[in-house]
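What follows is a pair of complexes built around chain A, which joins chain B in one and chain C in the other.
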Partner chain A sequence: MLDLIRQATLNNSAFSTILPGLQIAWDSTSMGAFKECPRKYYLSIVLGYVPRETSVHLIFGQMYHTALEAYDHAKARGHDHKSALRVAVKVAMVISWNKELGRPWQSDSTYKNRLTLVRSVIWYLDQFENDPLETIILANGKPAVELSFRFDVGYRSVCSGENFLLCGHLDRVVKFNERNWILDRKTTQHQIDDRFWAQWNPNNQMSTYDFAGNVGFNAKTAGIIIDGAQLLVGGTRFKRGIVQKDDDQRNEWHMDFGLQLQMAEHYAKISYWPMNDKSCGNYGGCPYQGICAKSPAVRQQWLEGSMHKRVWDPLQVRGDI
Partner chain B sequence: MPSLDDVMAKEAETGEDPVKLLLIGDSGLGKTGALVSLAMAGYRLGIVDFDNGADIIKGLLRPHPKDTPTILEKKAAARKNVYIKTLTDDFRAVGGKYQAISASAWTGAAELLADWKVDNLGPVSSWRASQKHVLVIDSLTFAGKAALRFILSMNGRLAAPKPYQSDYGDAQNLLETMLATIYSTGIKCHVIILSHVREVGKAYQIETTKSDGSKGVATVEEPDSRKGYAETGTGRALSPIIGRFFNNVLMVDMVGTGQSARREIITVPNGNIGLKNSAPGLVKARYSIETGLAEYFANMRGETSGPAASTSLALASATSANTR
Partner chain C sequence: MSSTEPTSPISPPDLTSPLAKVDPKSLQVLFNEDPEGLTEDEVDKICDALRADRAKFHAEPQARPKKVTPVDLKKKIDKIEAPSTLSIDDLEI
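What follows is the complex of A and B.
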């Protein structure tokens, strides 16, 4: 088991070289997996096994982000709206082209496919041509999009003595009503109603971003604006809402985060991550449910046969720090 | 677990027993002016003014030729203890119609409540009833409109002719969250929220037949179901539940006619408006508007109240001028 863990985390700079399996640099994805189920975290983050087929929601979301990010970069370089829109559409077309197969990305979803991607990008940028949310321009002249952060979160490993880091990437940091806000884009097939907004507070990812904005960047952000896009067969609707937290909530989150780190350290120390068998049915079903249903003796074979490996390293920078 | 007697003894000892009340009334009846009696009684008022209607406070606290030296002294002290922050959004005429071009009032209020830096008063959560600190929101109605404009602005639709149905819901959520925060035990100062009146009846839908024979749906109101509630500026849905956030819902109303007309603060159910107070045996059913709030607070807290801001004549004149 220890050899398996050492091998898996050898090329992952987010993990301790002193205590195998102890993640030092955390982001909302890795902590989210840990909170859902330590076993899921072990399989997906520590060992790096993920399903061969990437979720259409993930693919679409990433493409949507990338295209809109291209618009922000173009505007920061001095393009006017129409010119920046063309840049964004071009990026959307290029990234939704499968170079290996020489054809467009094929999606089985009637809601999330190449057509709805390009349409959503155009409709969004048309609706928000005169966006009251202005992307902040950093000191280096670049727009604050895909802004990477990494800072000491104030906890230290008892076993290895290493300081834990909190990492991540903010979609966009904007100025609205003379205040700084973190903007996070979300795409959904469902109606953007009270149920949609309720899922973002409390929310692991939003709490992480809020903490990063206020403590990591010391920017005293006013809150997080969720930039929702509801994908319909015949159109896309956009709606924005806010998530706001006070210092008491941030302190509570920070304390909870520390307790989670203690648990993670304990599991790494004993080289065992237990299943949370109450989470198996959540979010449409855990992709590892089939693996966990097998006897421990044969799980590794099933993992290797049905999944592929990738390294999830929160320390990999995507935008600008 | 402490008994009720222990809790009440502690509150009496520390003075930490805030009065949180909703004061409703039609426009021009003196809701804002009524606050002056508290200032004269030594309370420190932090007023979040969405209505841009705080001039009446200046008028009532301005020295008057007929004021006695004691009153002049009290007014001077009161003026030093009233902090007004007016938060409004900018409008301009476009194609013959006035529309909002900015929506910063709501976020301005949120920042103020988090830390009233501008006057060094600190976060509202640090204010204390024992030190006679009062937070005033004037008014809930215009706060709701500011919340709605904030939602529209964020969604790039500030200039849109009509908000979506969901925008009203989002604005109501913002307002409800603000009220829940203010009402919580985390806010330990006195709170007064002023609001206009909205009458809401129980509505239901029926099927109708139009003149061309086609079917339609009409909303009808149950007869005699109309009740008066606080106007939130965000549609009708939230008004009936606002009262739940307060143990004290009072009303300003005009009583009498002609020369004998006078403004009063009413503390017991009045007509179709469900007023309430949390100390029925200690407070009066009606108070004069000149001294009413200070007396009400004193009655609630077992204290004596202070003098009126001005002579009744001056108050009546000032209030009438405000309504013209």
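What follows is the complex of A and C.
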């Protein structure tokens, strides 16, 4: 078990070199998996096993973000709307093309496919052509787009003496009404109604971003602006909402985060991450449910046979830092 | 001596054919070829084609769930038969 953990985290800079299995650099994805189910966290983040087939939602979301990011960069370089839109559409077309197979990305979804991707990018950018949100320009002259952050979160491992870090990527930091805001884009197949907005507060990812915006940057952020895109077969609807927290809520999140880190340290110390079998059916079913259903003695074989490995390292920088 | 007159097995395109009038770079064609070579005009064409239905789509009212009146609600409640006893499955321990 210990050898397995050591081997899996050997090339992952987010993990302690002193206590095997102890993650030092955390992002919202790894903390989200840990909160959901420590065993899911162990399989997906520590060992790095993921299903062979990537979810269409994940692929679509990444492509949508990448295309809009290209637009934001082009605008910051001085392109006008038409020209920046061309850049975004070309990027959307290129990243949704399977070069190896010489054909477009094939999706089974009637809502999330290549056509709805390109259409959503065009419609979103047209709708917000004269957006009052202005991208902040960083001290290095670059726009605050796909901005990577990492900072000491204020907790130290008792076992290894290492300081825990909080890391992640913000879609875009903008100025609106003389205040700084984090902009995040979300796609959904569901209606953008009260239920849609309610899911973002409290929310693991949004709380992390909000804390990062307030503590990790010099420019204090007022909250998070969410641009929701509802994908339908015949079109895409967009709505904008806001998530805001006060300092008491931030302190509460920080305390909870520290307690989660203590639990993570404890599990790493005993090299055991327990199952939370109340989470197996969440979000359409856990991808590891079939593995956990097997007897412990044969699970490793099943993992190797049905999943592939990747390294989840939150310290890998995506954009600017 | 045999004739050296070249002969071509390929006949020249018939420009009067209705097929010639079809835009060879339709949206479908553009979506099925390697996008690396897309020209600015072709990207603009994609934009125009995909934004064409936008106004119409946004003008359509969103489907809303049917409103339930207090009378409907009472009828529904009356239809539900209350279980006489709780079974073990009803208990969340």
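The criterion applied here is as follows: the second predicted complex is superposed on the first by the 320 of 321 C-alpha atoms of A that agree within 3 Å, B and C clash if a C-alpha of one lies under 4 Å from a C-alpha of the other, contacts with A are read in each partner's own complex, and residues count from 1 in each chain.
Keep in mind that, in the parts below, contacts are C-beta pairs under 8 Å (C-beta built on N, C-alpha and C of every residue); 3 or more make two chains touch, one makes a residue touch a chain.
The model shown is predicted, which means the values in this text are computed figures rather than measured ones.
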Clash or fit, chain B versus chain C on superposed chain A: fit
Touching partner for A:275 - first (chain B), second (chain C), both, neither: neither
Included angle at chain A between vectors to chain C and chain B, based on C-alpha centres and rounded to the nearest 10 degrees: 90
Touching partner for A:239 - first (chain B), second (chain C), both, neither: first
First (chain B), second (chain C), both or neither touched by A:130: first
Touched partner set for A:76, first chain B, second chain C, both or neither: neither
Chain B versus chain C as contact partner of A:122, first or second or both or neither: second
Touching partner for A:104 - first (chain B), second (chain C), both, neither: second
After fitting on chain A: smallest Cα gap, chain B-chain C, Å: 8
Common interface residues of chain A - those touching chain B in one complex and chain C in the other: none
Residues on chain B engaged by chain A in the complex (per definition of touch): 102-104, 107-108, 110-111, 114, 150, 153-156, 158, 166, 169-170, 173, 186
Touching residues (chain side chain A, partner chain B) in the complex: 127-128, 130-133, 176-179, 192-194, 197, 222, 225, 238-242, 244, 246, 248
Chain A to chain C touching residues, read off their complex: 85-86, 89-90, 93-94, 97, 99, 102-104, 114-115, 118-119, 122-123, 126, 191, 234-235, 237
Chain A-facing residues of chain C, complex: 31-32, 34-36, 38, 40, 43-44, 46-47, 50-51, 53-54, 57-58, 62
